[in-house]
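Next come two complexes, and both contain subunit A; in the first it sits with subunit B, in the second with subunit C.
Let's turn to the complex of A and B:
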């Protein structure tokens, strides 16, 4: 007797979604903290729009891309911490004693990140638009923006899964959070890449994938439909997700030493 | 290895060894057989190698050497078949505090491939059987220790396994919860013919529940047989005495030494296995009185599994449980 891969993914996805929805402490900070930083950045850096070559006269519209990335970083912590808890409590061993496939486990666990990604993206976009941000790509652009945000969230979630499986502890996963924030700060977070004049910072930001994820989101907010930026954004998210899944699959094999 | 046991879906273990990195041999060459429908009690203190053995037999930890067949399948070569044959409730009920009992049952039955209708009926049946129907829709985080253990048992039975592994299933439970679990395990073996491999550090649990007992210490199987056989090996009762004045302890040891062989360290005083049986008890009291040793506590023990443990290892199981670290038991993911 063995269940299909689809059924296994569905069952674990259901569990992951239920867990996420039943932990307000996971959802609320992931929404509130990025919005708080949005308010701070908008108030403190709005004069940046006066710089020659700044792409918009609304700093809120420019900086609105940042919460989407910050929110995705929370998914590293949430998905990883949930899995680490399963390892620590022995729940993973319980699952290992069923005919569960490794791919089903990882995909199912990412379902929680998916739901969190949708809720976060909808919240950031709604708050941003209410506060006066523009969305140049219109209603269809909103849909693509949510899709892109979810893709980034799930991609980052795979890194959380890898960390949990590699280190087996929630503390180790949470330790990654500040590291990922460094990636965000060393990107074109507060200014467009072209306006970063400090050489070393520009060099780092130009090779930092987070810069291009931000630019993809900004393209929908500021320009409308820039297919090149969007393709790069989705491509980077897909690449991070694929690499994360490969690493997590490998770590799962080491962690689940069942014969 | 007997083909009889293979056919009947029992457990056969031959020279099973598990070494951990930079550590001792947690399991050091164990041989045992468990027949179908038998309850086998695997008794030993913390760190003795009980849980490591269970992890190997349930395919969650590869053996360093030796072999084991569970339900007729090799634990190394036929892991998926072994897992399909067994149910396991491992140390510490591994449950998700955010899910309800019913949601746990749904997940478990679905992952084992039961059809949708059967999932619901099997889940309800098991929840009813372990007395959790009333709490089925409550989150497990609010369950008591006994309720968690009972749910753990129900989950292990979800796919109707022929063999059940229970790793210290009653540790930390009150006597009522413990008794309820014992009754259910006994019923499973007697009525459903389920083979039960039960690890425990409770003597009374092994004594009350197991058809046969294996005693493990430092990774070695030091004794095996029915509880009655093992106790008969010891034969003689033990007298345990404690002096009222701690300074009299040495003199008390000397007096009791006249009546038999020391029975190891006793947490309460001095223990001696009486050469002349229980009829010597009155003489013991008179001798202590004659020496002017005031007695704080005096007790005669019929031979118990603890005496068996003591005879085989030189230590009381109760004392051993306190002095042994539990690291070998919990180190599950560090293959040598």
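Let's turn to the complex of A and C:
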């Protein structure tokens, strides 16, 4: 293997992508489960559009933002579990004996999350539009929506890498899933921020970054082009990704020292 | 059933239940999610969806917190059973279940022991959940008897779910059967009127919710907490029937595990 960074990333990215595509158990739940909840929430909360101040008369359009975030949460599990398995089987130790750079390892491992993000975003958007959701930003908005979704998926994937390197166990990574769902449930997931009438819930949702990721996606679906919301969404995704990579790099160094 | 057999079943059930409860109470990985999940659902639904109580046509007298409390109570009852099924599957995967089968004089006591543990888990969760709901200011208009009926309904849901999960665990005998225990339970719960009453649902979800037995359980529970019982007899009949049907399913699972050796 050539020692150039690009080549190293390429080799590991290929392995990560193939590994993701060869595991239907990773892809299918990440697509089916959010779509099931989309159907249930759309049917169950349709009446919410009758609340004064609700931004659209289609609850499907409003709630369609949620699967993109739920799907991204699956990338925490998938990327983290894959790396944890490499640690548990000793594959990481073998990699540590090669001239592979840490940056190449982490970037390459995220390639699987990237591919999963594209597949998920395309599936959610297609199903949503077929079911009658609106996309106010038009075809160009669809492209930006997929880009934003992939950015969020990869950003969350870095947290999975950090957890795997920190704990070294697939079970510990799986245990993080409920923790991340807390962030989703304590956000403006089912109603807009302005309609969260319980004070403490409104306060938590207002400082929860997931609320703003949802609002960025919703802006494309409901409003069209709201550059402020989009910039905030991409900015938060970039910040989560940067922090996750920093934490994962530090954990990688500690783990390689330990081994 | 002879007296000797009853005593044998009881002894086995006591031993299995004690170990299962001990594992539950001493391992934070089992205890914490059991307590946190229902609380988290309750907080998220009752807090985040409070405005739904103002939707035209929503006329539940005890308010949205009580409306959601009943769902979360029944959901925690069901998942208490499912999580016990996980423990059972894990025991059989690790070989401990086989040792149970060899040692037990009356094997139906094994299933009964897990069921008692599931009920204990549910009682712990309900205590915490109910305390939080009361502190949060949940309005309870039902009488003492009606509240007892609500928890009795939850007991039936817990028994039915435990028997369902036990039937799967004893047939699959691996934790890989987990999704098979969990997903149908999740599905049947969420295809009921979770967020709004049945009358406010429309389209396909109204059709499914109308024939979903969980709808009657939910409506009866909500009737009990608001002091206006509806469908009470039907709900208890459904709870009892499901418990008996799934007990037969679990019994078949036990036979399957015995045949597997």
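Heads up, the rule we're going with is that the second predicted complex is superposed on the first by the 255 of 259 C-alpha atoms of A that agree within 3 Å, B and C clash if a C-alpha of one lies under 4 Å from a C-alpha of the other, contacts with A are read in each partner's own complex, and residues count from 1 in each chain.
Heads up, the rule we're going with is that contacts are C-beta pairs under 8 Å (C-beta built on N, C-alpha and C of every residue); 3 or more make two chains touch, one makes a residue touch a chain.
Since the model is a prediction, treat every value here as computed from it, not as a measurement.
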When subunit B and subunit C are modelled together on subunit A, clash or fit: fit
Partner chain in contact with A:196 - subunit B first, subunit C second, else both or neither: second
Vertex subunit A angle, Cα centres of subunit C and subunit B, expressed to the nearest 10 degrees: 90
Partner chain in contact with A:99 - subunit B first, subunit C second, else both or neither: first
Which superposed partner A:47 touches (first subunit B, second subunit C, both, neither): second
Partner chain(s) touched by A:183 [first = subunit B, second = subunit C, both, neither]: neither
Which superposed partner A:225 touches (first subunit B, second subunit C, both, neither): neither
CA minimum distance (subunit B, subunit C), superposed complexes, angstrom: 19
Footprint overlap on subunit A, comparing subunit B with subunit C: none
Contacting residues of subunit B [partner subunit A, same complex]: 58-62, 75-77, 79-80, 82-84, 86-88, 90-92, 94-96, 98-99, 103, 106-108, 110-114, 139, 155, 159, 332-333, 335
In the complex with subunit A, residue positions of subunit C that touch it: 29, 33, 36-37, 40-41, 43-44, 46-52, 54-58, 187, 190-191, 193-196, 200-206
Residue ranges of subunit A in contact with subunit B within the complex: 1-3, 7-8, 11-12, 14-15, 18-19, 22-23, 86, 89-91, 93-100, 168, 255, 257-259
Footprint of subunit C on subunit A - complex, ascending: 36-37, 39-41, 43-48, 50-51, 175, 178, 182, 185-186, 189-191, 195-198, 200-201, 205
